[in-house]
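Chain naming follows the written order as A, B, C and D, and within any one chain the residues start at number 1.
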Amino acid sequence: MFNLHLDAEQIEFRDTVRSFAANEIRPVAIHPDRLEPFAKPLMMDLLGQASELGLRVLTLSEAAGGVGADTLTSCIVLEEMAAGDVDIAVTLGETDLLGHLLFDNWMTPDQSERFLKRFTEDPAFHLGHGGSTPEVSGWNYHEDLPNETGAGVSAVMQDGDWVIDGSVSLAANAPIADLMVVPVRSDWAGGMSALVVPRDTPGLTIAETGEQTQVRWHHGSAANIQFRSCKVPSENLLGEAGNSPLSGGEYDALHTLQRAAINLGVGQAAFDAAVAYAKIRRQGGRNIVEHQAIGKFIAGMAVKLEAARTMIWKAAWVADHPEAIADRSVSDLPQQIIASIFTAETVLEVTQTAAECFGAMAVMRDMPLQKYVEDANMFVHSNGNDVSTSLQIAEAVVGYERTPAA
Amino acid sequence: MFNLHLDAEQIEFRDTVRSFAANEIRPVAIHPDRLEPFAKPLMMDLLGQASELGLRVLTLSEAAGGVGADTLTSCIVLEEMAAGDVDIAVTLGETDLLGHLLFDNWMTPDQSERFLKRFTEDPAFHLGHGGSTPEVSGWNYHEDLPNETGAGVSAVMQDGDWVIDGSVSLAANAPIADLMVVPVRSDWAGGMSALVVPRDTPGLTIAETGEQTQVRWHHGSAANIQFRSCKVPSENLLGEAGNSPLSGGEYDALHTLQRAAINLGVGQAAFDAAVAYAKIRRQGGRNIVEHQAIGKFIAGMAVKLEAARTMIWKAAWVADHPEAIADRSVSDLPQQIIASIFTAETVLEVTQTAAECFGAMAVMRDMPLQKYVEDANMFVHSNGNDVSTSLQIAEAVVGYERTPAA
Amino acid sequence: MDFSLNEEQQDWQQKAREFATHEIRPISLARDQIEGGFEPWDWGVIEKGSRLGFRTLAVPAKWGGPGTGFVTQTLVMMELAKGDSAICKAFSQNWKWSHLIAIACSDDQKERFLKPFLSDHRYLLGRGITEPNAGCDNRLPPEIDPKAGYRLRAIRDGDDWILNGEKTFIANGSVGSLFFIDARTDASVDITQGGTLFLVPKDTPGFRIGKVSNKSGWRFYQNAELIFEDARVPHANVIGGVGTGSVKSAGGDTTGGDLFGDLELSANAVGVCDDANGMAMAFACSNKRAGKFLIDHQLIQLGINEMNMLTEALRSFVMRVAWEHDQGQRSANGVLMVNYSTDVIRRVTRLNMDIHGAEGCRNNPRVSKLARDAMIWTHLAGDTVLRLKAVTKLERPGLAEAAA
Amino acid sequence: MDFSLNEEQQDWQQKAREFATHEIRPISLARDQIEGGFEPWDWGVIEKGSRLGFRTLAVPAKWGGPGTGFVTQTLVMMELAKGDSAICKAFSQNWKWSHLIAIACSDDQKERFLKPFLSDHRYLLGRGITEPNAGCDNRLPPEIDPKAGYRLRAIRDGDDWILNGEKTFIANGSVGSLFFIDARTDASVDITQGGTLFLVPKDTPGFRIGKVSNKSGWRFYQNAELIFEDARVPHANVIGGVGTGSVKSAGGDTTGGDLFGDLELSANAVGVCDDANGMAMAFACSNKRAGKFLIDHQLIQLGINEMNMLTEALRSFVMRVAWEHDQGQRSANGVLMVNYSTDVIRRVTRLNMDIHGAEGCRNNPRVSKLARDAMIWTHLAGDTVLRLKAVTKLERPGLAEAAA
């Protein structure tokens, strides 16, 4: 029965994280001293505090020692966190998602045994993803070609060990991860395989990019990683060889959703800043909020954010309730892609409109608006979002079936 | 608990109406012979058949003899109906909404006694609204002025009767209504009053406009009506004098939502037509659906319609569950206005994009695309939707409180 | 750099402005609101305009016409379209094919067809290329499908050609006296090699008019089916050579397309936008909301700003390209301009609706007329195919240069 | 009507193109990527450009400058901005105030200030009007609040004026040698009556530079606070009359605003768009997706079409207005054009991002630089206030006429 009530726990989580973001994170994150320099080091203390709130194991099942929240709750929480700081939200989200998938779905009991206790007990234990960001491109629209995968890492079996070679640029969470999940090409029949690789494995090098440019084109914590004859035991294989659980679509779908929720938090932060500023900035003899032109901006932003949030929540709920597609309560289009591209475009417009409310202050590096706009630009042009992404939706609409590559 | 499942009855209703619209209504509604002439008389037979399906009393309570459906169900059904014919949907929606409000909410038992039986038993009995369309303008943004009301009808009490004078242009459902609900200015303290006026009351003239122009700028069935010393007994007053239940906001809110759902149906019909055409039209050596440019159109339309539908359903559910605002599951912004303006703008874009897929065929009067575009244009520029409407949302965002006019 | 108009240009502009004000605009909305495909047509305004030179404006002086250049033609179209976009097009359609005759026809053909064209105020011209299954493919023939494009067959029979097939949506179809018909003289190769262009007078045996299109916009303007059933056309009516590809049959700008065609729709759009701007400003200065004239509301000011901004951008673009085309300069600018005119006319006529709101749209059907007329641009000037075609005219760097 | 360039215009265009290619572009991204507000500045490129005449381009011939017109200046800006938008602005900012000196200053003032300006390659000019609480109100003074606008006080003291207050975001603030300062000589009336414009050299006692703005775009270009603490300025440095309203103090175009100012940002935007178009085409012709070069994907073609279409529309608009302004024609066109340049530069730099995608944006920070530079337009050229102001320059019909 259709019902949009959140439960008390969801609302409580939201309030807690909202107040944590507003009171603890934002004062540090958008302090002029942090905003002005190009480099934005991850705020490790605050990441730790967020972890203590349970957000690192939010969707990990209670049985495994987590909070056991559903995808909707995770999206609600990540949005609030991102309104405080986008990098903390991305970092936490990555660990939380990988933790849930590894320990609830992908690992054998033996594998869990080896890693779960340390993961749940150490609030600084993070998980990394040693592959490219999800590929949801639509460049091969109505062509039988598979999309390119960025995988530059291969593994061969040698004396009972996997020997890994290759490199990945901007591997998510690599700078802080204790354990990396790595998609690899192997000589097995079929597709990719997936291995877990502890950070301290000999042959694995993690090099922070140390980007000191105006805009580093990624969110969260990322580093280039390299494998040189890096050996892990055969027990580190996730699922079957040639059939990586990372390729199953679940990680990509949830990752896409997470990023949409985080993206939305950036938009909401920009909107809140614009409304607050419009209430105090005086021009033309009255506070600018009283001008129709600013009212139009505010209304436009409010509608867009409301729509994006509604789409994300729907997609989040559907991710946990695929039976609603079967019973035709929701359409069979890829809801997470719809939510993601809708949100990315929407939030970019919102941050730009919010910036317009700020006039010249919007381009000052010691003010947050320029950062919100650039964060939003990155969401439109990263993590699988590009001008071709939506073609996947068109293929779903017309029911195009790709013949698998030979 | 958040849940997007529709119940079996809702899905069944949707299927029934969808198939009725596709098989019975559309073949007649968009037949070239009907499309080509300017005049589009209401298809009374089909209206009667729709009425027999229960759609005229869809939201009327079961106790009163109706189907007792909620607002969400009503929106789902009206969208489907509108994909068949927008005028039938508007006409049915008006009667259904007024019926629910009159007999479930506004009338005393005595009043119901006088009208309900005929209403429920006669499938051709319709209700009309003898006032202007809802005024949700935002022209008085951040000004203490009330918005203009279009009321040009007054009533005075004389010897125990109300004597009504004045005229209303394009009163909804007037050409087919057996009973009109009429907002009137009276000499009572306070605001407007509301009277019910049977069609055959002496002094009431209903003149079909007989518009033979390319675009008649209204949907549904409407006529100019005139009152000349038109008398109704004092028992025909709804609620209190000077306190019209029509002014309470409920009618406006539900009416706005209805129109949004109907508007969406127009967009869906245009989209379906474009996808079907793209699959068979050949150009550049392949069916046009295989071109990226068309794929981009299809994806854009699909995302927009999905978003609009999701917003309408949300607003519909909230209309029946205001407690979800109190418990902060949904925001306290005017959801029906958000859904309405979002849908209006979105559907106009969708119909124009769908028209692009049709090339020159889109402007031929014997083809439906030009009608869909004009219907969509009307939704953007009628029923209270105009460029100022969204300023009401801005006032809600900043919590502006209008001082009532002296 | 000089944007001023010479005396001849100013004279034509003024003459067009007066004709549009006094003869076109007064009948514009009434004609639009007449039912039917053919019925909105009116020979009266055509004849009046023809007497003033608006039908034959593009005929070169050496053939007895006014011999105006593209700049003048552009100025005239802007004025006429402000009166009525469709009536303007009914005139300018003849200019397009006047250019074609002047450039591509033999002296004999000119003698036979330009003379009646110049002397008869009801002699109109049209070109038939589009067919039910061949529209965009005529404009951007797909490499992967050489058989794409028009199919109308022409088979040689002695001194004649026998034409069979059907054209659709042909401009001036129901009112034209002379048509330029693209036909396949060799179906085994693509249209650039197997196509030939024929001059077909309306009284050609076996040639007749089919259904007249009943459109939502440009209602005055006529589009019709042309039906060829063993229609017999003398070989002397072939333009240029046989099978050299009708689109470029005389090796030059024989379509009127890349030099005149893009200007035609773009200039017309400027006229419509000027009309919309005037209507919006007048409405905003005479109607109040919440106690203030609409023009004193910021929302309306922003709309009026955008309408004028886009119109002036388009006008600038069009005047520049008109001059470039008078110099014979070919570039992507023509197509880019006509694509742009689509975006502008659609947006400006939409904003005009916004400013009028429900009341204004209901009370003044011209508000919707402008938007309906604007929809024509979507498939004639700004459809995807034309936008992709524009890109083919841009310079592309080589791989080494691009990667550098 | 003539769009061709004369020899002088072509020479300057060519000279600017070479300077932009060989001197500006090679340092452009590196300067952008330097931390700090002042630090991206580089006197080297300014001095080199100055030697070629790019600093003093707008000084009239009779005062020893090249005496170029608006068309030439526009052409030069388009070229320089293609190399770097912010470096172009650092040059053209001086032209703006060269115009002001030429039009509004007395001969004595010209003698005292134009001479050092012409002879010193590091002598830059700036104008101080914006204050922390007075930005837009200076441009469109609100009728309902006469006290709105700048507040910096000037009080007469014998032959001097004593200035107290603060300006913010002042262009060339940290590098200028001479500033035009708007001050209130009468706080009881609005700025058009109580404002006066002063010439303030950088070594004026009591005048100093405050914080330098650290911006996300136009990082090379300097904006800074100017602080006045009992700064003493001789009465001889008053431009025009006292209290005649500094914005129009000499009764003419004293701000450089309505004739040059709008052109400046619009021409600069064309240069940025040209740069973006080149980058996008090069990327699309050298990178593949799904086995095809990006340029062979329709999605990319549509993006490239739009980028070029908007750029050519803007270029046409700008060249037209440059000519109109050379004729001294005033209209709404200047403001409409600069509003339009905002929409175009934002859209074109965004489409450039789209075409580059994640990989291109990550690997080439210039993609983001162009979008960051473009954001400057939002508040300088296309903010709501400027759009509303444009509408005040349009003709309005009277009520009777409008209702007709």
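Keep this in mind: a residue touches a chain if its C-beta (ideal position, glycine included) is under 8 Å from a C-beta of that chain, and two chains touch if they have at least 3 such contacts.
Keep in mind that what you see is a predicted model, and the values were worked out from it rather than measured.
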B-C against A-C, pair bridged by the larger set of C-beta contacts: B-C
Per Cα centroids, the chain farthest from chain B: D
Chain C-chain D separation of Cα centroids, rounded to whole Å: 40
Chain A and chain C: spacing of chain centres that average the CA atoms, whole Å: 51
Interface hub residues of chain B, defined as touching at least two other chains: 291-294, 296, 388, 391
Numbers and ranges of chain D residues touching at least 2 other chains: 297-299, 302, 384, 388
Residues of chain C touching chain D in the complex: 1-6, 9, 71, 281-286, 295, 298, 301-302, 304-306, 308-310, 312-314, 316-317, 319-324, 332-333, 336-337, 339-340, 384, 387-388, 390-391, 394, 396-399, 401-404
Chain D-facing residues of chain A, complex: 36-38, 133, 137, 139-140, 143, 145, 147-148, 170, 212-215, 217-218, 282-286, 291, 293-294, 352, 355-356, 359-360, 362-366, 370, 373-374, 377-378, 380-383, 385-388, 391
Residues of chain A that touch chain B when the two form their complex: 1-7, 10-11, 72, 138, 141-142, 275, 278-279, 289-290, 292, 294-296, 298-300, 302-303, 306-307, 310-311, 313-314, 317-318, 321, 324, 327-331, 333, 335, 338, 341-342, 388, 390-395, 397-398
Interfacial residue positions of chain C with respect to chain A in the complex: 297-299, 302
Chain D contact footprint on chain B (complex, rising order): 291-293, 296
